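Look at the two complexes coming up: chain A is in both, with chain B in one and chain C in the other.
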Partner chain A sequence: MAAIAGITYLSDTRVEVDVDVVERLNRELRRLNDEGVTEVVMRNPRSRHNLAVGQGAGLKIVFDGSCGYYCGGLNNGAVIEVARNVGWGTGEAMASGSISVGGSAALGTGAGMRGGLIHVKGDCGPRTGAAMKGGTLIVEGSVGYLAGFMTHAGDLIVLGNAGEALGDSLWEGRIYVAGEIRGLGNDANVVEPDDDDSARVHALLRAQGIDGEFPFKKIVAGQKLWYFDNRNPEAWLKI
Partner chain B sequence: MCGIAGILYREPGPIGESLVRMCAAMRHRGSDSTGFALYGEPDPDRLIVRLRFPDATEWEKRVEDIMHSVFAAGGDVAVDHAVDRAQHAEDRFVRLEVRFGGTVRELVHAIEEPGHVEIQSIGHSLEIVKDLGDAEDVDARHGISAFRGTHGLGHVRLATESITAVAYGHPFWAEPFPDIAIAHNGQLTNYYKFRRLLEQQGYRFHTGNDSELIAVYLADKMEHGQTFYEALKDSVYELDGCFAYLLCTRDAIGSAKDRFAVKHLVVANVDGDLGMATEEQAIRAVFPQELDTIHPDPRSVFVWETNGQVLQEIV
Partner chain C sequence: MTGKGQEPEIVQGRSHIWRAEIIRDIQAKAELGRYQIRGFSTFQKFPSLDELVFLPAAMTRLPLEGYRELCVSETTIGGGRPDLVSQPLELAIPVYLTSMSFGALGTNAKMALGMGFSRAGSATCTGEGGMLEEERDASTRLIYQMTPSRYGLDLEHLRKADAIEIVVGQGAKPGTGGMLLGMKVSEKVAGMRTLPVGVDQRSAVRHPDFLGADDLQVKIMELREATDYRTPIILKLPACRVREDVKIAAKTGCDAIVVDGTEGSTAAAPEFQLDHTGIPTLAAIPAARRALEEIGMYGKVTLIVSGGIRNGVDAAKALALGADCVAIGTAALVALGCNAPRFVEDYHALGTEPGACHHCHTGRCPVGITTQDPELEARLDPEEGAERVRNFLTAMVMEMTVIAKSCGKGNVHNLEPEDLRAVSLEASALTGVPLAGVDWAVGPETFGRGG
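So, the complex of A and B:
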C-alpha cells in the first residue's frame, strides 16, 4: 500500500512516517492528503531540512523531534506541530494554516509569511518575521537581532525580550513586545497600544491557550523612510 | 554555501570518522573539495609534515631531496614517508615526521628548497588532509576515518570566491605557526588590506582564498601576546564581511560570527563532547539523539578548550 518505504497506516486517516525516508516525502504527504489521510505522525526527523513544505489544508502533521531548515515553508493550510526545535526559515512564505514549535527556532522564522499562524514556545533567533506580509507570529520567549525587519503587515507578538534593531525599516506591520527591547531599528517607534489593540492581541494569545495580561509596547513605523524627503537625506543614508 | 564542522572529545576518540560523517551530511553545501584538520596525540619532539606534490614526476626522488635538505638544515626524519592515493594521478600526498631544532619557518624553507611542493600543514599534533571531491571520496583516498584524536575540523567547499583546487580548499594551516588551522564559511571584504599588512611583516600566502588570511591574522595576534580569546574578539570588528569560522589550536576550538549573523553555526554539547557545524543535521550524523543546541548570536565569540573550559562573549 505504501508508495514509499517507511510509511505505516495506523488507520485510514492516520499515518506514521519514518522521516529518514526524506526523498519525495513532501509530494507523498500531499498525495496522502488527497487520499483522505487527516493526520500524519512524523518519527525521527533528525533535524532534516525542508520537511512538510508546501502542504495543504485538511492535514495535520506532527513531528516527534527537532526539524532543520524551512520546516513548513510555503504552508497552504496544513496544521503542523513540531515537538522540539526548528532551524532557519520555519514557515517561510507560508500563506495559511499553522505551525506550532514546542522548543526554539533559529534565524528567519516566518520570513515573508503572508497569512496563517506560527507559534513558537521557546526563543527565536535573528530576523524573526522579516518581511512578513500578513499572518500572526507569536513567540513566547525572546527574539534576536533585527526582528520584524521590513515587516509589511501582520502581527509579531513577543512575550519575552527583543534584541537590537527591532523593527528596522518597518512598513505597516505591527510588533508587540512584553519584555525589554535592547534597541530599535531605523524609523521604528515605540507607542502605547490602545485598548482595542491590546484586546485584539490578548485574544490572539488566548486562542493559543496563553492567558494573562501582558504589558505590551507596540512598535510601529515612524514613516520617515516611506517617502524620500530631500530635506532629510541623512535618514535614507543610514539604511 | 560551504559547510564547516568541528568536533571536540573529552577523551581521544574517533574524530576522523565523526568529521567524515558530518561533512558527508553537508555534501549538498559543496563538494568541490573537502578537507580535515585532525589533532592527534601531540609530541613536542617531532613535527608532522603533510605535503602535496601537484606534479608527481619523480616524486620519490623529490621526497629524498626534501629529506636531504632537512638533514642539511640540522633536522632528522623520525618516521619514513607515507603516501596517499589522490584524486588525480599527477598528485602525490606525502606525510613525514621530522625532528627539527630550528624554527618552523626554517623547516618550511628547507622543505621548499628542492623545488615545487605544497605544504598542507606542519604541527606537533595537527595534520591537514584536503583533496577534491566529497567527504566519502576524500576518506576513501586518505583514510580519514581511521584517525583518532581529541579535536578537529572539517570543511565542505563550494568554490565561489576562488578556483576549485586542492590548495584552495579548507582547512588552511596558519603558516608558520604549528598546530593552528581554520575552517571558514563566508566572505571577507577587507581581506587584501590585512594580507598586505601581514606580508609586510614577512608572512606568506599561497592562495587567493580569503580564509587563509584569517588563520595567519589570528595566529599573528597570538604571537604578539594576545590570548586566543582576545584575538577572536578583535576579529569580529576588524574583519569585514559575513563569516562564521572555527579556528583550532592544539588545545582548543574557537568560533566567531560576524555582526549580521548571515552565516549559520550550530553547537551541541553532548555530555561534554562538542559537535559544531553549519547544520544541526550534521551534528546529528554523529549524535543522533534529540539535542539541545546553541545558535551563537551575532558578534559572539566562543572558545572551547580540551580541558572542558568554555569562554563566551558577545562583543
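So, the complex of A and C:
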C-alpha cells in the first residue's frame, strides 16, 4: 500500500495516526478498517472536532489526549477510547459499539444514541442522554441540567449528582442516580428500583469494572405529558 | 361530543369582534380545556403571491415561443460547494416535495408521492419520522430529515440519502416541535420513533447536541464526515426574522436553506400558531434573497422556498423574487386526492365536506392519505396516486416555463424581480416590487425599476 503521511503501520493490524497531519481523517479510518486494521492509536487529537465519526465494527480507536465535539458521533460498532476529555455531542446517535472517556464530557453526551455503551469516568454537561433511543450511558461523576430530557429508551446511570430538570418529559428511558438530585423535570417521578432492576444496573456497572453497591434512585415518566387530558377522539373534531 | 352538523349552528351576528367563529372557538376551549389543534394551514388572509403579476415581453423585449421553444427547468441543490459536496441534488424541475413524515402520512401516500415525484425527475423528503423503507424504494431522490427529536436517526439512512435536511423549524408552527396525535401513533410509527403506541407525541424543538449557529457549523461538518462529503446539507427555517436568520444559517456552512412561510401546512398544530406566528411567504422570499446578497452568498447557497405554493405560477413568482427552488406539500396532497369528493359520508362524519377538510390531525382521512388506519389507507392506490402527482407536476412546470418564455426567458431561473409588478400596496411594501403602472415601490427597498 502507498504510504500516507501521518499514518504509521505498527503491524498489519495496528497503526498510528497523527491527527495533526491526516486529512479527511474519518474516511481514512474507514479505509483502514476495510483494509483489516483492527486498532488505531490517534496521536495529537488536540480537542479537534468530529473525530472517529461514523465508524464501523471491527475497529478500536484510541485517542491519547482530548477530543472536541461529536467524538464517536454516529458510531456504528467501533470501540473508542479517549484518554482525557471530550466536547459536546459525544457518541450522538450511536447505534452500537462503545465509547470510553477517561475524563469529563460536555453537553449532549449520548444524545439520541440508539444502542451501544458510553462510559464517562468524570462528569457530563447538560442534556446528557437527551433523546436517547436505547443503549447504556454510564457517568461516574455528575450530570448537568436537563439530563435525560425526552429520553425514549435505554439506561442513563449516574453515580454522582444530577442537576436541575432531570428526566424532563421522559418517555420510556430509565434514569438511575446514586447521588443528589438538584431538581426533577416536568413529569419526572422518583421511584425505588426493585431488586431485579437494581441487580441489572449493578451488573451493567460491574461489566465496566465498577464494583460496589450504589443507592440508586430511579426516575421514570409520570406519563402526564404523554397524552392530552381529553382522550376522546371526537374531541379533536371541535374545530 | 359531536361533530359539526349535529349541534345548532352559531349564526353570524353584527359584531366584527365577536364573530361566529370566535364564539365557537371560545365555546370549544371552554369545553376542552386546551387549545384547538388541527391540520392544514393558516386560515388567515395574508398578502400573497396573487398580489404580484408578471410583465411578459411586449415592445421592450422579445418573448420566446411559449408553446414550442425549450425552456430550462433543471435545478441543482447544493451545487455551490464542490469541495464539500461531491453529489449535489440534481432535479429536473425546481419543485420537490416538502418534509411530511411517515406518521403524518400513511405508507401508501408516501409511496405514491415518492413515485410521482421521481417520475417528474424530482425528490421527496422523509419528514421527521425516520426513513420509511417503502419511501426510499419509491423515491429516486430522497432528502433525509433530521429533527430535534432524532426519530429513527440512523447512519446507514444518512448514507442512503441524496440530501440531508436539518430542521430548525417550520412555517406552520415556528418555535415549536412536531405534533402527532395518538390516533396516528400506530405500532409501525411508534416503532420507528421509539415511542409508546398511541401517545400524543409532541416533539422537541431544540436539538439535543447543539444550541446555536457556531455549534451547528461543527454539526454540519460531522454529517459531512459521516457521509463522506457526498450529499448537500439543507437547513430548514421557519420564516420569522428572515433577514437575520438566513445570514446566520448561511454562516453555518450549509449548502441550501429552506425558508418556510407561515402558509406552510401541517398535519397537526395548535391553531393559534398556524394563524398568528411567522411571516408570509411573499415577504420572506425577498428578505431571504437580500440577506444572502448582503453577505455575498446569493447563488452560492441554494435558496428554497415553501409555504402555500399552489401551482406553477406561484412557483414562478417565487423564483422571480429570488428562490432557486420551491417545495410543495398540500398541493401535492391535493393532487394525490386530498379533499376529493369520494367517501363523502366520511367527510360528514368528521363534520366537514370535500374541499373544506382540514382534519389530518384525526387520522381519519376519508381518502386514505393522512392516516395509519389500514382500511382507510387502502382507499389510496399508490400507482394511481403517483400518476396524478406526476401529472400535476408536469402541469406545474408547464405553467412555469410558459410564464418564463412569455417574459423572454429560456430558463426558469432567469426570472427576476424586474419581471414582476405589485398590484397591492401591501405586496409592494413587503417585497419592494414596484407597483403596477406607476413603477414606484412602497417602502425603503426596491427591486427593479422605480423607487
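Simple rule for what comes next: the second predicted complex is superposed on the first by the 224 of 239 C-alpha atoms of A that agree within 3 Å, B and C clash if a C-alpha of one lies under 4 Å from a C-alpha of the other, contacts with A are read in each partner's own complex, and residues count from 1 in each chain.
In the analysis below, contacts are C-beta pairs under 8 Å (C-beta built on N, C-alpha and C of every residue); 3 or more make two chains touch, one makes a residue touch a chain.
Model, not experiment: these values are computed from the prediction.
Visitor: Who does A:167 touch here: chain B (first), chain C (second), both, or neither?
Guide: Once the two structures are laid over each other on A, A:167 reaches no partner at all.
Visitor: Taking the superposition as given, does A:144 touch the first partner, chain B, the second, chain C, both, or neither?
Guide: The answer is first: A:144 touches chain B but not chain C.
Visitor: Considering only the touch criterion stated at the top, classify A:135 as touching first (chain B), second (chain C), both, or neither.
Guide: After superposition on chain A, A:135 lies in contact with neither partner.
Visitor: Using the superposition on chain A described above, determine whether A:185 touches chain B (first), chain C (second), both, or neither.
Guide: neither
Visitor: If you tally the residues of chain A touched by each partner, is the higher count for chain B or for chain C?
Guide: Comparing touch counts on chain A for chain B and chain C gives C.
Visitor: With both complexes overlaid on chain A, does A:54 touch chain B (first), chain C (second), both or neither?
Guide: In the superposition, A:54 touches chain C alone.
Visitor: May I ask you to decide whether A:84 touches chain B, chain C, both, or neither, giving the answer as first, second, both or neither?
Guide: A:84 sits against chain B, while chain C stays out of touch.
Visitor: By the touch definition at the top of the document, which applies to A:107: first (chain B), second (chain C), both, or neither?
Guide: both
Visitor: When the two structures are overlaid on chain A, which partner does A:69 contact: first (chain B), second (chain C), both, or neither?
Guide: The answer is both, since A:69 touches chain B and chain C.
Visitor: So chain A touches chain B in one structure and chain C in the other; where do those two contact lists coincide?
Guide: Residues 49, 68-69, 88, 107, 127, which sit in both footprints.
Visitor: Applying the document's contact rule, which stretches of chain B touch chain A when the two form their complex?
Guide: Within the complex, chain B contacts chain A at residues 261, 264, 266, 279-281, 283-284, 288, 290-291, 293, 295, 297-298.
Visitor: Give the list of chain A residues in touch with chain B in this complex.
Guide: 46-49, 65-66, 68-69, 84-85, 87-88, 106-107, 125-127, 144-145, 163
Visitor: Sort out for me which residues of chain A touch chain C in the complex.
Guide: 24, 26-27, 49-50, 53-54, 68-70, 73-74, 76, 88-89, 92-93, 95, 107-108, 111-112, 114, 127, 130-131, 133-134, 149-150, 152-153, 169, 171-172, 225-239
Visitor: Any idea which chain C residues touch chain A in the complex?
Guide: Contacts found on chain C: 1-4, 25, 28, 31-34, 36-38, 148-150, 153-156, 158, 181-183, 193-196, 199-200, 202, 204, 208-211, 215, 218-219, 221-222, 225-229, 271, 350-351, 359, 361-362.
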